[in-house]
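Here is the structure we will look at.
Chains here go by letter, A, B, C and D, matching the order in which they are written, and residues are numbered from 1 within each.
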């Protein structure tokens, strides 16, 4: 689950990370008021679950409270389209009003999970404010790493190594180690999946501040992160994906094509997308029905697919394990009978209870394209459109 | 640092360990009031840093508030002498007034540090309320152990294994696992050195309660356990030991003999006691001056020894490493000159700066028995008395 | 036990709810010795003919359980794995998905000083076809006995690969589903090492996914292998930056792309399949070319 | 490096305060290569002729430090040990006393998966007399070169034993002070194994204390040793239940008593000394009887 910048900063500040003076506003009036409270020049920052907000016009400087109100008026209600949002963009319902800072240096700091090491890793670089993946690819020596060993927890010497490595010596050394330790603690205690402060800035008046912040929580840990769960902003999630969530389907992602897919298992679902592509088509979505073992769950999933105006054909590709193919078959029959998937429908069943599943389809009398292998199924779905 | 029973119970209760209803009283009036508040029969328990309080008359049942007051009157101000206190006993300045419980079963539960395993270990036994060392020696299979691996922390399965092993099944199983998890958490977060609930009782009305509790904190961790440090009760520590603490000497223990010892290093100090015993004498104290590197620290230590009325001779046994023998020698000379150790004094110096140290002694013109080996030094100290 | 299970495997099932019971029955019907189920508080009961115990240790003490198959719900699954580790179960297979990543981090740290092997979590389990030993959730009727081993991060793609192999007449020694989570007990390279050592396995199908660097590590091991490997990487057409079910499938840097993985595997000598429908036929050709089929 | 230090040892000192500086000079005067001090924030300075760095890693990168000697105050000492472990220093010697027990527990857990050897904490360090390599706080002038190794939980008793040996004309290969805390990096049995393997050591003095079971573990190892061991247990006359400086000296159960330890050592074939003044003379006799002196 993603947090907004202002939420990430609130969380980090609770752990002692210094952030710029700022407050959140949902109306131009509140924005002007917040700017007046801060005094001097402020930055008005669109709050939406995407980076690259500046380029999209979502971040602007205001030199007065009045101007802050005017800018907030422009930004609030925007649909922010960036290279990370897809063409539909994301709505902006709030703006963060922050003191404008005079920047001396910009640094990079983040925490992520390193699956190979099976540990979180703190990543730091003197090259902040830039595309860190680019830096990592071009100049790997510019990237510092410290792992958090669960046997001991993050240690002071690691924070010091990073602080010295970032060139934060002298009076900045202690604030820097403290900031890094606070970030690590926030990540561990919040079940973070990614926490990024980019940039950490050294201001001209010698302060160290988290100028921007991203924080994502491990979706699997939300059950024990109730207070963070309350910060969820559903306006930042695609409508269809929310619908899928409400139907209990965790893994639904809207894509740009026109073949709606219902598959079990993430690997098979990805491969189905690959097979569709190889057959010359494009999937309208990724949907992993998982082990959902009731016809109702299948019907809910197919309703989401069937009502997607982009979908011109439906492909059901199931290899039963824990999921039983007869239950899936029943769900498809029910959805067809309820008119939820009027589109041409290709179905391929294999695995557990496949005979029972196929028998149900045989008996249903419904017009369904049946496929044996899943490459054939993908081809059939593409053919059904063209 | 030891906590009183009532402090240990307060701490455990904060972590969710169920304890009997009770409150602390320092006067008979408070005791009667507390008993009235609880209602029915109560137990009046002397609060002193020792076990075996019952046998010494420090724990009594009162059937009314009035009786509780009368009993508190008897117990408060007692000097409680048990097999753990030494002959001088410990003063009782407060009593814990607790609901009287009807006991169905008594169990044993504790946490301690296992040095070999380098982990804390939870120890449990169905044989509560008894001498657990006896049980461990006679019937080791009656002792259950679960180690706390710092890489993962104490786990639910371990609490379940202990709860089932204690015979706490059915409705008692969940409260039992919860109690055990709470105890482990309290121990880890408080830098416990020993935490013992003996007995854990199952009451006749089916409750699980910590009927008694001991809790000691790692002295080396007091710097980060400030709130527990505030619970220190100096009345429970021997006057001389407090004096030594105030002088910055961590390791002073009053013993029963008449030869006052000043030694550096715990091992050498113990061996000096051994050597005195073998020479036919008895040490009046254990005092490890450690690496105290100033004549003033030595003077303070010798003042404590010299003013002990039991001390008839003083033995200074120093093998310098980090501690420098010349500094120790100067301290001894100063103490002698200030009349702080009028007793016959044997001194043996070896190790760092020993030539300088011996030279100082030579030049001092003081009457000091000089010894070379420390067995000889011990013999000389014994001879000085007889 | 190169294939982790054999005729001597005695399986205890942790989390004996509906899925656990159903799979216990399928395992037993397949010929596997399922000796007990563990559900705290239900110790002493018998469910579907399986004795239930409160702890894994009891199942070890009473029934010599040496394999644990875990269906415990995600919030308690790490505890269940550690219980199996504590009871010194040599092979632990965790089916549960959505275990918090930081829980698995702690489990892995404990495993660094344990002799237990963990497969999963979020995996379909392990099957040894010749030994009729199944500790997992895979459909059994797609398997036929033979000499190809299958390793995959994805469960359903194990079944898919096995099905294709069976349909082209190539039997399997067994399969190991290593799991789709960012932190797993046994990675692809380690699973390859098991099959390289397995006398009943002559060739290996390796199914990877976009994200992470596990396939590159596997490629390093493939360079040292004597047995041929057919490999497929799922997610070649996935849009970057979206999480598609498996957290491991987040494309993080260039190493995570299908192209990078395919090329590492090709360089290591693996036969890389681009169309997921071609796994079975490619393996058949490889076996024929090497005189193994 | 059976004696942990040799002519190639390059010592970095963590915590370059007054004690660190003083001992650095004594080490250098003795002939030991002390390559740097580490004090965060003072990197780049030079103190008493020693270059100071901000981190241990810098001392490793610049000066090839391969031994760390730690004087960092107790609240930060575990962090300092872990810094040395992180920089892959092979031999880490921690002098600091009063480190919280739970801190040391975490350090030991990290060490289970590291190749670093930790000596201490709360110890006098290690000296290799023949190599003039000293990483510790022991007075050097009591040592004479020879073939007896000394192992002790107590620091001052190392000096005492060495002094007695020197006075009876028995030289030393070196000494290892394992430390007096309940949780230490290297126990007596492990230190004995180092001396058993050391070609310059012909016999060993082992000095234990009441409390714990480390001497019983040492006794088990002594059964397998080819070299004679003279042993002394401090605290035979200590009153039970009082903590005398070393937490290890809490008498916990019968195993912790001096009698239990002495009898375990005797059964293992060690020559047990009862009077602490007899260590040197007993060793001299043992060496004579075995034709080693």
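Keep this in mind: contacts are C-beta pairs under 8 Å (C-beta built on N, C-alpha and C of every residue); 3 or more make two chains touch, one makes a residue touch a chain.
The shown structure was predicted, so the numbers you read here are calculated from the model rather than taken from an experiment.
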Least hop count linking chain C to chain D through chains in contact: 1
Interchain centroid distance [CA atoms averaged], chain A/chain D, Å: 53
Inter-centroid spacing, chain B versus chain A (mean Cα positions, whole Å): 55
Chain centre separation (chain A, chain C; CA means) in Å: 28
Shared interface positions of chain A, touching two or more other chains: 149-152
Per-residue overlap in chain D, given as positions that touch at least 2 other chains: 106, 109, 112-113
Topology of the chain contact graph, where touching chains are joined (line, ring, star, complete, other): complete
Residues of chain C touching chain A in the complex: 19, 23, 74-75, 95, 97-106, 108-109, 124, 137-139, 142, 152-157, 159-160, 163-164, 167, 180, 182-184, 187, 207, 209-210, 212-214, 217, 232, 234-239, 241-249, 252-254, 274-278
Of all residues in chain A, those that touch chain B in their complex: 150-152
Chain A partner contacts - residues on chain D that touch it in the complex: 40-41, 43, 54-57, 76, 78-80, 82-83, 86, 106-107, 109-110, 112-113
Chain C contact footprint on chain D (complex, rising order): 112-113
In the complex, chain B residues that touch chain C: 149, 151-153, 155-158, 160-161, 164, 169-170, 173
